[in-house]
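Shared between the two complexes below is subunit A, which has subunit B as its partner in the first and subunit C in the second.
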Partner chain A sequence: MKNIKIGIPKALLYFKYKELWHLFFQKLGCQIIISSDTNKEILENGIKFSPDEACMALKIYMGHIHFLQNKCDYILVPRLACLKKDEILCTNFSALYDLIKNTFPTNIIHYNVDVKHNKTEEMAFIKMGKTLGFSKKESQLAYYYAKSRADLNKIKMLDEQKKLLQQKNLKILLAGHPYNLYDQFIGEPIQKLLKENNITLIFSDIYEENDLNEQVKTITKTNYWTYNKEIIAAIVQYEKHIDGIILLTSFPCGPDSLSNEMILRKIKIPIINLILDEADSNTGLITRIESFIDILEERRKRNEERTND
Partner chain B sequence: MITINAYLGVDIGSISTKAVIIDEENNIIASDYIWTKANPIHAVKTLIENLEKQIQNKDIKIKGIGTTGSARKLIGVMLNANVVKNEITAHAIGTLSLHPDVRTIFEIGGQDSKIILIEDGIVVDYAMNTLCAAGTGAFLSSQAQRLGMNVEDFGPIALTSKNPTKIAARCTVFAESDLVHKAQMGYKKEDIIAGLCQSVVNNYLNNVGKGKKIISPIIFQGGVSKNIGVKKAFEQEVGENVIVDENGHLMGALGVAILSKSTPLKSEFTFKIMEADFDTKGIECKGCSNHCEIICVRKNQKLIDSWGNRCNKGALK
Partner chain C sequence: MKKEPMISFPHLGDYYIPIKFLLTHLTDYKVIEAPPITKKTIELGTKYSPSFVCIPFKYNLGNFIETLEQGATILFQAGGGCRYGYYTEVQEQILKDLGYDFQMMTIGQNKIITLNYLYKTIKKLNKNISFFQLSYYVLLTLFMIHFMDKIDDYIRLNIGFETQKNSFIDLKKEMLASFSKTTGFFSLLTKYLKYKRKIKNLKINKPKNCLKVGIIGELYTSMEPFSNYFLEKELANMNIQVKRFTNASFLIYQKKFKIKKMQKYIKKYCTYELGADGMDNVYRAKFLSAKGYDGLIHIKPFGCTPEIGAMPIIRKVCEDEKMPIIFFSFDSETSEVGIKTRLEAFYDMLKIKKG
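Then we have the complex of A and B:
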């Protein structure tokens, strides 16, 4: 059995597909190397190798690729253009493969999903397996195994999150792309601050997939970005069960700038939009979050007083 | 003489430091206001000395201390404060104690600007300037310097203008080059100054005020509220009366003083505390590649607190 080392950057789509990728490569008997959590060095290298206009999340991704160089046989860089008919993804995800290929002299393993042009995820994974020397059967089995396990895991996480909604303390929905919510440099400090303030955190990447389109339509009828639709659907699903929403964006995100505007206009409960860039100081951030928590606490106190009267 | 229970509130902003001492009924017994001059520790020491002088004939016992403003954490440690609160909540509580019916607070300070929306006496929404300091006090000060004037004179001069010059307001850099251009074209000084005041207002309303429903009563605070030209420009733009309280600069300090009343003090406060020697030291953690900058606060050369580390590797205490 060949022992192939696959490097996976812990950035961008990692936070969405980590189970699927892990299980697929594991089943095929490949060794997996994950880059370390984002740190200053990764960020600085990312900035060095990125175009100026790139968003912070993409800059971080570039830093992770730099980190993985010479540590593995291949680095996994998927190209995702379209996951559902009539919908698209941010152009960064379709450009990722070419961007990395032209920036770093490293071996890339990629898969290409473009449903509009009849390139499904399953076909993409089989093709990727073929490049690594696995038969169609082997790859297909590994994909089915990984996909079903990953889907099961999603259901489990949703159940767990639903239980959290029963908690009595303040609940805040952290809404945004998973690569922002869970990144060590973007979302992690915010999560930490909120937990220190005894807040129960609900995450927008864990949501119910049924009726997604109907839910999105209550906020906007014209959104065609798949990942943004997921965020909007999560917000609609949780709105009535939480105290407030923190909308997390990395600067400058095109799709978010449009969809956030619609969310901010339509949502009735307290909501703030935090836009993060590579500036180091988080003083302003702390002030914003603390005063947001104050607002939620005061509101709750007021509501309790009213129901007691 | 009866002992009065009192509460100290300190608001340490980037440009100025404000403090009040209040009694149980929220009456201001003593207050002062000085420049921070990028040295918050020294500013607070001076300020507290001044306050002590103001109350030396009275028997006052400090039962609580609150700090707010951008150096709230540092000064909170130094004064052993029982409340360390963000400036949005502090300003809202301070303002509400004097104007219970307020609905909107405009605040333009030295470095940042905020809008706070209030409904039924609680904060319901707010916004702060994020990536840009355009249209704040620092901008007006630097333009005053460029025009060879005192920023304090801007307000009265702006009022004499009959035809304010339009100045590009979106960005300080463009506003500045526009201002130079207009001056070279021969526009009158008072028209340019009135235009600057308007540009501050337009910038504010398009930036932090964007999408916010502005309902009167409106209270305007922060250093820039002392500029009557900006106040007038706000009134014209919003179409409502804008109130500037003469104690407007003290609202943050008043707010934390009120907050400290409801929290018990950790240890006794005496004005002697100011004789201690405080200093801070920034060190770079070598624990990992993050190189966190850790701030150490020392009292009489002894470490009393530290922060700035992202993880436990950098924990000093």
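Then we have the complex of A and C:
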């Protein structure tokens, strides 16, 4: 029937919604093109097209859009303002669609979620399906299919991560936005380094959703950024089962600047905050991470000696 | 010994006068404004703030530390749609960790401020206050802010052309002093009319085709002159007519009614709201271009997320309208000389363009 090519930038919200997007467009019979992993060229192009002070993650995203130009019929750029009542997202996500539209002369397919103004995710996906020329029923079915599959996948990942908590070696929680944790340029090098040092990695984007608000309240009462609350909930959930936390932030992230300050002041187990920007050399980071691992090992030894006494 | 309760709040331009007026009448406690902002304030604030938080946080924190040293025991903080709404809790935590003993009060944390909400907040400090009393003083204060902003608007348009130096500033100071002694609606209105007449009678020497510049951007750096290195004063010295939209009246009540209109006006550029005040500034860029202004100055704290999201769109508007624009970003390490040099270059460019 139709063969529409949808380009999905492998940056920002991709790492949070990849299953949902994949399955939705697959079910509708669209072809999906995903930009390559972040590389130097993508980053440089991103910097060229972004405001100077935009956070590194947004700059990378712009690079991915540039990469996808002329390679597909539409590029998917979601506009997310509010996912839960009384909560908001970083304003970059509300501005994203208009920002891209005014920067690149390319075809964009978008969906708009704003629960505060009664625009739910389901409605947004149906509307998106309609703009692509599918009927309401087709898009609705595709959305339900994709959503339930994505949710199942989440549960599976959570089970796997829970198994990891039983392991005996050092365990570190890598906490931060998924687009920082899994990006080839931001989180990957750090993940690799930690794995080389025989450390079990726990990720903050895999967490239990029940009682999220109660858990967040033990650290902060008025935080209203949905994605930051998820990070805090993950920290609370894993705190007792891990040796240390690495907070990963891209410079100069607005919500993180305050949210992390609160975490650093309230959490009692060893924690470091790594702030990455595009001008960083990795040497400084490696030294910091290695010394952090040394501290954790030393601490564990002492604890074991104390229990033996 | 328990300290006598004393209320205090951070600075925001001249608005300490209506805020102090309101709090004095709503509670029985003594109310002091934070000591005036100096270099020391921002140094203190920066020292104890998270490293890349936006500059208003640092100014507010510096204000709080200085006012706590003066003996304040109850601190007031407001909030808004961006990071601003989360200031209160983080600042409270930082100050408590520093060892200060105080109570933190807040209005408008990412919520719409209603009278009822305000009533509940104030009730914690003053049990005897009635809803009527609160409404009366809130309305009176809103009028005071409205009048102040109206006079300020007029001053900005004309201060660059005063024939006698400091005539506007001196008269404004006199007006603010008399406003703080307001007793009711009638007294406020007579005061406003009196000073309005006086200010309009001040002699100015304004050419018909003077340079006209609009200031757009983030709210704190727009309203607190210290944080923008007295940009408006600089512009006045260059004999420029200045227009600025962001003021307390706009944020408190005008914005709500204007959103739909603004959205329609810039439909070509923005399909959705950009978050916080981002969209407003896109609107202003287009509006001022249509009004025949010669240039725009966009100001914001370093790293202000909503404005960063809006900047590429504002730039696009300015490209389409052939409107010169300059972007300033303020941080605690911003050099004053750098700003001055760039501003002078911008001024020269505008002058040459105008011919």
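Here, the second predicted complex is superposed on the first by the 308 of 309 C-alpha atoms of A that agree within 3 Å, B and C clash if a C-alpha of one lies under 4 Å from a C-alpha of the other, contacts with A are read in each partner's own complex, and residues count from 1 in each chain.
As a convention for this text, a residue touches a chain if its C-beta (ideal position, glycine included) is under 8 Å from a C-beta of that chain, and two chains touch if they have at least 3 such contacts.
Being a predicted model, the structure only gives us computed values, none of them experimental.
Steric overlap between subunit B and subunit C is absent once the structures are superposed on subunit A; the two fit side by side. Of the two partner chains placed by superposition, only subunit B is touched by A:302; subunit C is not. In the superposed model, A:258 lies in contact with subunit C only, and not with subunit B. When the shared chain is aligned, no partner comes close enough to touch A:200: not subunit B, not subunit C. Within the superposed three-chain model, A:94 lies in touch with subunit C and out of touch with subunit B [touch as defined at top]. In the overlay built on the shared chain, the residue A:39 is in contact with subunit B alone; subunit C does not reach it. By the touch criterion defined above, A:54 reaches subunit C but does not reach subunit B.
Of the two partner chains, neither subunit B nor subunit C is touched by A:106. After the superposition on chain A, the angle subunit B-subunit A-subunit C between C-alpha centres rounds to 80°, nearest 10.
Comparing subunit C and subunit B on the residues of subunit A they touch gives the larger count to C. By the touch criterion defined above, A:291 reaches subunit B but does not reach subunit C.
Of the two partner chains placed by the overlay, neither subunit B nor subunit C lies in contact with A:250.
Once both structures are fitted on chain A, no C-alpha atom of subunit B lies closer than 5 Å to one of subunit C. Looking at subunit A, you'll find residues 251, 265, 275 touch subunit B in one structure and subunit C in the other. Put simply, subunit C touches subunit A in their complex at residues 50-54, 57, 81-83, 85-90, 93-94, 97, 109-111, 269-276, 278, 302-306, 308-313, 316, 329.
Within the complex formed with subunit A, the residues of subunit B that make contact are 70, 85-89, 112, 120, 122-126, 128, 130-131, 211, 288-291, 310.
Only residues 39-42, 189, 251, 264-265, 270, 275, 277, 283-284, 286-288, 290-291, 294-295, 298-299, 302 of subunit A touch subunit B when the two sit together in their complex. For subunit A in complex with subunit C, the residues that touch the partner chain are 50-51, 53-55, 79, 81, 86, 88, 90-92, 94-99, 101-103, 112, 114, 220-225, 251-252, 254-255, 257-262, 265-266, 275.
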